[in-house]
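Below: a set of structures, written as structure tokens.
Next come two complexes, and both contain chain A; in the first it sits with chain B, in the second with chain C.
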Partner chain A sequence: MKSLEELRAIREKMQGQVSMRAEDHTHTRVVVGMATCGIASGARPVLNTLSRLVQEKGLTDHVAVTQTGCIGLCQYEPIVEVMEPGKPKVTYIKMNPDKAAEIVERHLIGGHVVENYTLSSADIN
Partner chain B sequence: MPEISLNILDVAENSTRAGASLITICISADCKADRLSVVIKDNGCGMTPEQVAHVTDPFFTTRTTRKVGLGVPFFKYAAESTGGSFSIESQPGKGTVVTAVFVLSHIDRMPLGDITSTIHTLILCHPDLDFLYTYQYDEKSFTLDTREFRTILGDIPLNTPEISSYIWDYLTENKLDTDGGANL
Partner chain C sequence: MYRSHVLVCGGTGCTSSGSQKILEALKEELAKNGLTDEVAVVQTGCHGLCALGPIMIVYPDASFYSMVKVEDIPEIVSEHLLKGRVVTRLLYKETVTPAGVKALIDTDFYKKQHRIALRNCGIINPENIEEYIGTGGYQALGKVLTEMTPDDVIQVLLDSGLRGRGGGGFPTGLKWKLAKQNDADQKYVCCNADEGDPGAFMDRSILEGDPHAVLEAMAIAGYAIGASQGYIYVRAEYPIAVERLKIAINQAREMELLGDDIFGTGFHFDIDLRLGAGAFVCGEETALMTSIEGNRGEPRPRPPFPAQKGLFGKPTILNNVETYANIPQIILNGPEWFASMGTEKSKGTKVFALGGKIHNTGLVEIPMGTTLREVIEEIGGGIPNGKKFKAAQTGGPSGGCIPAEHFDIPIDYDNLISIGSMMGSGGLIVMDETDCMVDIAKFFLEFTVEESCGKCTPCRVGTKRMLEILTKITKGQATMEDLDRLEELCYYIKENSACGLGQTAPNPVLSTLRYFRDEYEAHIKEKRCPAGVCKALLSYHIDPDKCKGCTLCARNCPNNAISGTVRNPHVIDQDKCIKCGACIEKCKFGAIYKQ
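And then the complex of A and B:
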């Protein structure tokens, strides 16, 4: 069994570390739709991939991964919205963990919108 | 929904939206009795008797954005189709308890699935809410209480990377010690 002793040890280690969290208005927000529609179409592994990679790549000082309810476009779930300060919101549709990883790499790190996966590139007829 | 754990995530999200400050999730598998029970309890705003009566109706929802609410009906159907049972008790101002009982060996019982991901996601996405999670497998069990974590951590938020990975390991290792890797 994993004990709470380890948690105490982590706390000891973290004490004294100055929190480097950026102000909210400089944060990029990555929002995953997590209502029934999103969850049923696979939003949980997408959200997990995004938060794991954002931590692993050390982006937590300026990227926050959060969730929301139904965005109202259930047929396009899982949906991920990326909101960068001062830029228009980008809506990615029909996500999966692999596409999510690509968005971390190319959009959040590289700074380029991955056009292929956006709602605006979808053929809506 | 292909997994019970996804239903749990969905229904527990309702609790977060009901303004709960503490959400209790208890999963217990009893192989001898052939039952898997899931209880999700919150101290949120609760529902009136009329709302409780209608909540398992897919065409009832309190949202104004659209006319369907499928989460609870899905969960109810998943439990009842195994010969199990489903109930909701709620009191306005007190909170809600959702109980789903599955017959473990029934051919139509969907797998429990990745419950560790569900609990981790809930805690990480709602770092200001408290969760009390109990996982029981026959005689063995373990508990995760974010209030205990918070007492130790002080003002360090639960969604800091170091703490997040500790919570993940805590859930994974303790589940393995409890059920010995049983594939529910």
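And then the complex of A and C:
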């Protein structure tokens, strides 16, 4: 290594990985339902897409992607919940990897809830 | 890219409680569930809570599993890592509350800690230089080489108020300044990793958990004083630390962070390891350097100080592992940041190894000025079995005992010295009412007698005489004149020994005499050991009213010292009794007592 730029490049590459291991109360939590119902309807690729994009975009210092069990709305799986500190929880339903990517772009980076994917927009009887 | 990281502790503590098997089982189970590409398994250094090993942490949700067993792994993998249901039953119980799982940083053990030297321990894989760089590693070296002059670096250290963490507490910046002022064709940077105090293991944990921090700081030191060669003197008894240092040095060389022309600045620096054979005296700076030179590890008089004539007769600085581990952070965050922590004359934090009669044995890093009460009762979780705190021993064989009356004293270099102890490298051994202070002093004297190198008479002969008097006291054969002679010897040895080993060897006796003189006198005048430890002064008896004649004690006595018939009170033959205590443990009726 002959320059600080090279060092910086390695740091940036690794930062997304290592900063996942921080503990902080100010993290935004992105939770994917990964019970049997979730897995059966395709939650795993959704989880992996979210996790990969959050790391690629360098968001791991304030966003944590984790899984949870059955949320109880099995017919709407895969479900993704976004919990930002101090804001009401947003529940996205019937996710797929493409929709997940959209949520990363528009919600986690852009700060706007993607209304048409949320549970509140769904027609629940 | 992984969505989850599972950190398994690979420090010495957790390794000896079986973390290697956990690691293998985990990898196997992840493969079975097809999760190998989604979940990363990372072996880290010590996380501090050694009492609860093996330790495993799952990120990003930071679930802290303690005392993990191989049988638990399939459940953790299928429930937690696949389905996201944390196995609460297996979590560290302090993190489980009725309101849900709380973060590790909110538990009593971690809440008051502030980790600078231990910042990466238990977080990164110490065998992967890229992870160290990912947490800001080698940035400080880059900054120093491209933006600062050697004098700037030394000024930052002086301003930070950093003092040597090996025990003496000498200002690090001043040490470097003196070495820089001495011109020479060659200078050396040494690292003292010959951690020899019984009960201290913070240097080992730093080397095992974050070896690059030490390498980076040594290179910074080389730049500051004008040295191109560094040596790490590490105990051969620390095999994991030695192995990880070797890996770290090789990785740093491969990345050209050690070697010629670092960062293209023309600065050259390299580091080699030297293994110590386990002599306590080699932790003394002049003995350590003599040992690196290939000679018998014996101290030599100072002056000349190492900054003038050190290793191979050249100007040398020698710092402790923990001191080095602080330095990259001071460079990156500035001296004001470091000086904002701690007390007036002791800045920053100190790592302590908690041991003895305490719930949470392990490593803690606390700001200077934290009280002993906070460390023992809050962070350490108090004394087990409802026993009463009696004293805390700091500074190992060079230090002393702090009694309960000083429980609220803020811990720093000067306060500890003023109450007759010293910081030392940071071993903190907690003792309760069942510990005999004379016996403790004797234990440390046995250690110094064993470890005295023999070069100077006060230490070689004096400590032996001290031990003989202490042994007499514990056997109930001493007189009050012996006690006076013991005290006189203490002062004589302190003033006349050649090096720190002898000069501090009487401290355990002096401090226990200062605070627990009544215990010494009880041994001498009343032939009694108040704590019930010194065997020669104890006798075991059976209370005939309580004894049911069950014969259990007689059957378990290894020396057939107990006689009696079924359903009749038994009797202990004092001539035959070897005072092993087996009968007390077995008796179901509490009929046996010692006095």
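Here, the second predicted complex is superposed on the first by the 102 of 125 C-alpha atoms of A that agree within 3 Å, B and C clash if a C-alpha of one lies under 4 Å from a C-alpha of the other, contacts with A are read in each partner's own complex, and residues count from 1 in each chain.
We take it that a residue touches a chain if its C-beta (ideal position, glycine included) is under 8 Å from a C-beta of that chain, and two chains touch if they have at least 3 such contacts.
All values reported here derive from a predicted model rather than from experimental measurement.
Engineer: Check whether A:Q55 is in contact with chain B, with chain C, with both or with neither, and answer first, second, both or neither.
Structural biologist: Once the two structures are laid over each other on A, A:Q55 reaches both partners.
Engineer: Does chain B (first) or chain C (second) touch A:P45, or do both, or does neither?
Structural biologist: First partner only, chain B.
Engineer: Quick check on the superposed pair: does A:Q75 touch chain B, chain C, both, or neither? Answer first, second, both or neither.
Structural biologist: Neither: A:Q75 stays clear of chain B and chain C.
Engineer: Between chain B and chain C, which one contacts more residues of chain A in the superposed model?
Structural biologist: Greater contact footprint in residues on chain A: C.
Engineer: Just to be sure I follow: which residues of chain A are touched by chain B in one complex and then by chain C in the other one?
Structural biologist: Dual-contact residues (chain A): 1-2, 4, 7, 10-11, 13-14, 34-36, 39, 47-48, 51, 55, 60, 66-67, 69.
Engineer: Which residues of chain C touch chain A once you look at their complex with the stated criterion?
Structural biologist: Interface residues on the chain C side: 1-5, 7, 38, 40, 57, 59-62, 82-85, 103-105, 123-124, 130-131, 133-139, 142, 146, 255-257, 261, 263-264.
Engineer: Quick check on the complex: what are the chain A residues that touch chain B?
Structural biologist: 1-2, 4, 6-8, 10-11, 13-14, 34-36, 39-40, 44-45, 47-48, 51, 55, 60, 66-67, 69-70, 72
Engineer: What does chain A use to touch chain C in their complex?
Structural biologist: 1-4, 7, 10-11, 13-15, 17-21, 23, 25, 27, 31-36, 39, 47-48, 50-52, 55-56, 60, 64-69
Engineer: Hey, which residues of chain B end up touching chain A in the complex?
Structural biologist: Those in contact with chain A are residues 1, 6, 9-10, 13, 17, 65-66, 69-71, 74, 114, 117-118, 120-121, 124-125, 142, 148-149, 152-154, 156, 160-166, 169-170, 173-174, 177.
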